[in-house]
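What follows are several structures.
Note that subunit A is present in both complexes that follow, paired respectively with subunit B and with subunit C.
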Partner chain A sequence: MSYAVEFDEVSRSFGAVRAVDNVSIAIEEGTFFAMLGPSGSGKTTCLRLISGFERPNAGHVRIFGENSENLPPNRRPVNTVFQDYALFPHLNVRDNVAYGLMVQGVDKRSRHGRADEMLSLVKLGDYGDRKPAQLSGGQRQRVALARALVNKPRVLLLDEPLGALDLKLREAMQDELKALQKQLGITFVFVTHDQGEALSMADRVAVFNDGRIVQAGSPEDIYQRPRTRFVADFVGSANVLSPALSQSAGSAKAWHSLRPESMELAKAESGRLAGTVASIRYIGPVKRVTVDLGGDQLTVAVPAERTVPEPGTRVGLNWSDASIHRMEDE
Partner chain B sequence: MVASHQGLAQRVSDAFWRRPRLLLLVLLLPPLLWLGVVYVGSLFALLVQSFFSIDEFTGLINYEVTLKTYAELLQPANFDIILRTTLMAASVTVAAAIVAFPIAYYAARYARGPMKALFYLGVMLPLWSSYLVKVYAWKLILAKEGILNWMVEGIGASAVLNAVLSMPVIGGGSLSVSYIGTFLVFLYVWLPYMVLPVQAALERVPQNLLEASGDLGASPGQTLRHVILPLALPGIIAGSIFTFSLTLGDYIIPQIIGSSRLFIGQAVYAHQGTAGNIPLAAAFAVVPIVIMGFYLWMAKRKGAFDAL
Partner chain C sequence: MHSERAPLALKIAAFAGLAFLHLPIVLIFVYAFTTEDRSYQWPPPGLTLKWFGVTWNRPDVWASLGLSLKVASVSTVIAIVLGTLCAAAVSRAKFFGRESISLLVILPIALPGIITGISLRSAFNLGDIPFSTLTIVLGHATFCIVVVYNNAVARFRRLSGSLVEASADLGANSFQTFRHVILPNISTALLAGGMLAFALSFDEVIVTTFTAGQQQTLPIWMLEELVRPRQRPVTNVVAMVVVLVTFLPILGAYYLTRGGTETAGVGK
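Let's turn to the complex of A and B:
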């Protein structure tokens, strides 16, 4: 298996701030790779190290096996879909898409032909003559995608490309991006702070915090078996059980994570743990019931149609041994 | 008293809040009157004057509408003045754009904090001193005994300067009595009016557009040509409106520095003053307005304002 992008102990500092701190990753060719993390966690800087807008202070970034340190952005086989699209306001949509071909010296007829092809690929075939300002957010996003793809990059970088879209559009674009990646077969490196987006689209996910990768793996790995409290909390807000609580529930004396949907409410006396219902939050398909254990709080996801005890009621909590996961935190 | 005064202020403020257009009217009326009466009115009076003619024998104004005065503009002596002034204004504008762009680019893209303050100070400082002082200072700098000549001699480049000065039309006895001198002083005096709008335009070009251009494979030169220049163009046009029209209308610089041939401003001054030929002076004054109108029309047609 060959790697599209490799980070070899890469660090990048801005003054005293270590934005990227000794990161090593290998991104296999043809995968949909997500970099997930809160803002300021270094994921965007990693993307910019691949595109060439930042250079590492230490370590190497290899693109298809070649050291990229001395390669300016315009000579790298990667293209970027920018966070706020960065469409050229003075060019119409067709010329925006054809820009990459124009700077290569492709003549007007063939570059406009190719641009129109790309525009129909993103379902904007009739919009070539418009200016970016005349398009909606979702349409601009597609133009940015077409513009980045027209050069036939071997790696497509996407910097929070769906962040500015509303929920419905975002979900539709997620499906389209995933389908497009399958169809083109090229590597996608996708930066996002939205864990749902990362888990649903990516083949592999790297979770960033404070400039480091805290866990990399398949979406299932990350979700089911978070390595640290940070990952458990950031990816889908799992319950975190302190060593003491874990011990009283019959597990080892260590930090554990437990998914809300893996737990069930039971009678107070028959649960592994018992507490009082503190609050109930209705969020569409499930109710999130927060149970107070005298200091610690755990959340249980209950199917919405089921009736749950009133706040103040004493309840027990149960789960299967397979669903509790021990973490590495000390 | 205070309470009732507050009450009145309150009532006025409430009235403005209820009728936002009233506030707009109150705010706009004085400047609109100023522009309408003082500016457009005098411009119109000027325009009217240019359609009268002067009686050659009595020297009195003949108040009959005629194009005779405009025909006079086309006489070789007058037309030369127009051509000379327009060419000078065009060269000054082009040179100002070329000199200003790197300065403005540096200020917009790289200068931060104290460097930015220094930039503004550097660009604005010359505007704080009197125009006449600056022009006379330049006369001394450019004179045959001046510092520039002395420096050129010092580095042994007198031959070059003499070769330049011996060129027909633009040359002369020394820099201070040649068109080159006039050009240099115009360029210096109007440069801030080019730098500031270009800097403002460049400041509005988002960094990520430059990155997008590079990302798509454009070399820095191509990014300059295809992204930065088109987006800075409205600023350059704005600056050129200043440099072009200020040069077209100026009558002091060519009088102090340069060959003694007339520019439009000097012609207007001479005709309305000593010669008493108000119609011809007015016709001359209309020329820069027409040229500027034509220039803006061309700029719009060429899409210079598309990026606005």
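Let's turn to the complex of A and C:
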């Protein structure tokens, strides 16, 4: 398997701040790769190390096996969809999309033809003559996408491209991006702080914290088997069991994670743990029941059609041995 | 609020203010047509167009007008090049002492012209540089740069940094980025700054008196003329021309820079 992008012990500091700290990753060609993390975790700097707007202080960034240190951004086989789209305000949509071809010296007729093709790919075929200011946020986002794809990059970098869109539009764009990636077959590297977005779209996810990769793997890995408390916390609403609580539930004395949907309610005396129901929330198809264990709180997801005990009732909690997952101390 | 009519007193005050500002200029225009050529009498004893002909045939007027145009054009060109580069450096890069440099660039326009004039004159003396058109141009360039810089720096701040990155990302080299992205986005600011610089240079007196040798720019020529009571209305004719020559670029600059408060390139 050949790698589109490889990070080999890469570090990048800004003054005293280590934005990227000894990161190694290998992104396989043709995958949809998500870099997930809170703001300031180094994921955007990693993206800029690939596009060439940042240089590593240590380590190597290889693009298709070649060291990229001496390649300026304009000579890398990658293109970026910027967070604020960065459309050229003085050019119309067609010329924006054709920009990459124009600077290569492609003649006007063929570059406009290619631009129109790309615009129909992103379903904006009729918008070529408009100025960016006349478009909605979602439309600008598509123009930015078409502009980045017109040069036929081998890797497309997307820097929180859906951040500025409202929820409904964002979900539609997620599906479209995923479909587009399949259709084009090129590598997408996607930066986001939205765990739902990362897990639903990507083939592989790297979770960033404090400039390091805490865990990299398939969305299922990350979701079911978070490696540290940070991942469990950040990626979703997994229950985190402290070493003491784990021990009293019959597991080893270490941090554990437990998905709400892997647990079920039982009679107080027959559960691995027992506590009182603190609150019940209805979220679409499930009810989330929060059980208070005298300090610790665990959440259980129960199918919405099932009846659950009233708040204040004592209940027991059960789960199978396979569903509890031991995490590393950190 | 806007539908209410202004009270009478406010109207009178506004008109009085405008009259105070502009009546003297009207007076200059009127005296360009007077028949009396030794003193400024009011009302003018008669009206005539002969001073236009007289002015036309005065070689000293043409010489100083030519010099003024030349000086203003050259200093404007210098100001556009240096002012833009300076603005680009200050707004694009982060470096030690950036704020101080920004202040130092603006300082010449805050400094009294007489200080600029004296310091330039002693500098030219020290450097054994003979006074010439070049020294006048250098003097004017000091304050022309500020005008261009101020216009350009404001526009650079509005130009989103990711536009330049987007251009590089799409394969453009630095020159192509400047030509196709930066220049189209700052050109109106440069034009406006250049016009203001031209107008400032065209009517500058103080710095010019210190940096010119025997040459006379148009404002200096006018100053000399007022001392001599000979063909006085010629000065008024010239003044009219100066008002028109400087007013048009300023009007142009005003129209070019008004509006457009949105940040170029931020698409949200």
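One rule holds in what follows: the second predicted complex is superposed on the first by the 329 of 330 C-alpha atoms of A that agree within 3 Å, B and C clash if a C-alpha of one lies under 4 Å from a C-alpha of the other, contacts with A are read in each partner's own complex, and residues count from 1 in each chain.
Basically, a residue touches a chain if its C-beta (ideal position, glycine included) is under 8 Å from a C-beta of that chain, and two chains touch if they have at least 3 such contacts.
The structure displayed is predicted, hence computed values, not measured ones.
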item: Clash-or-fit label for the pair subunit B, subunit C on subunit A; value: clash
item: First (subunit B), second (subunit C), both or neither touched by A:79; value: both
item: Touched partner set for A:164, first subunit B, second subunit C, both or neither; value: second
item: First (subunit B), second (subunit C), both or neither touched by A:90; value: both
item: Which of subunit B and subunit C A:140 touches, first, second, both or neither; value: second
item: First, second, both or neither for A:132, with subunit B first and subunit C second; value: second
item: Subunit B versus subunit C as contact partner of A:226, first or second or both or neither; value: neither
item: On subunit A, the residue positions that both subunit B and subunit C contact, one per complex; value: 51, 53, 72-75, 78-80, 82-84, 86-90, 99-100, 102-104, 147-148, 151
item: Complex interface listing, subunit B residues touching subunit A; value: 206, 208-209, 211-219, 222, 226-227, 230-231, 306-307
item: Parts of subunit A lying in touch with subunit B, wherever the complex brings them together; value: 51-53, 72-75, 78-80, 82-84, 86-90, 99-100, 102-104, 147-148, 151
item: In the complex, subunit A residues that touch subunit C; value: 51, 53, 72-75, 78-80, 82-90, 99-100, 102-104, 132-133, 137, 140, 144, 147-148, 151, 164
item: Residue numbers on subunit C that touch subunit A, as the complex places them; value: 160, 162-163, 165-173, 176, 180-181, 184-185, 262, 264-268
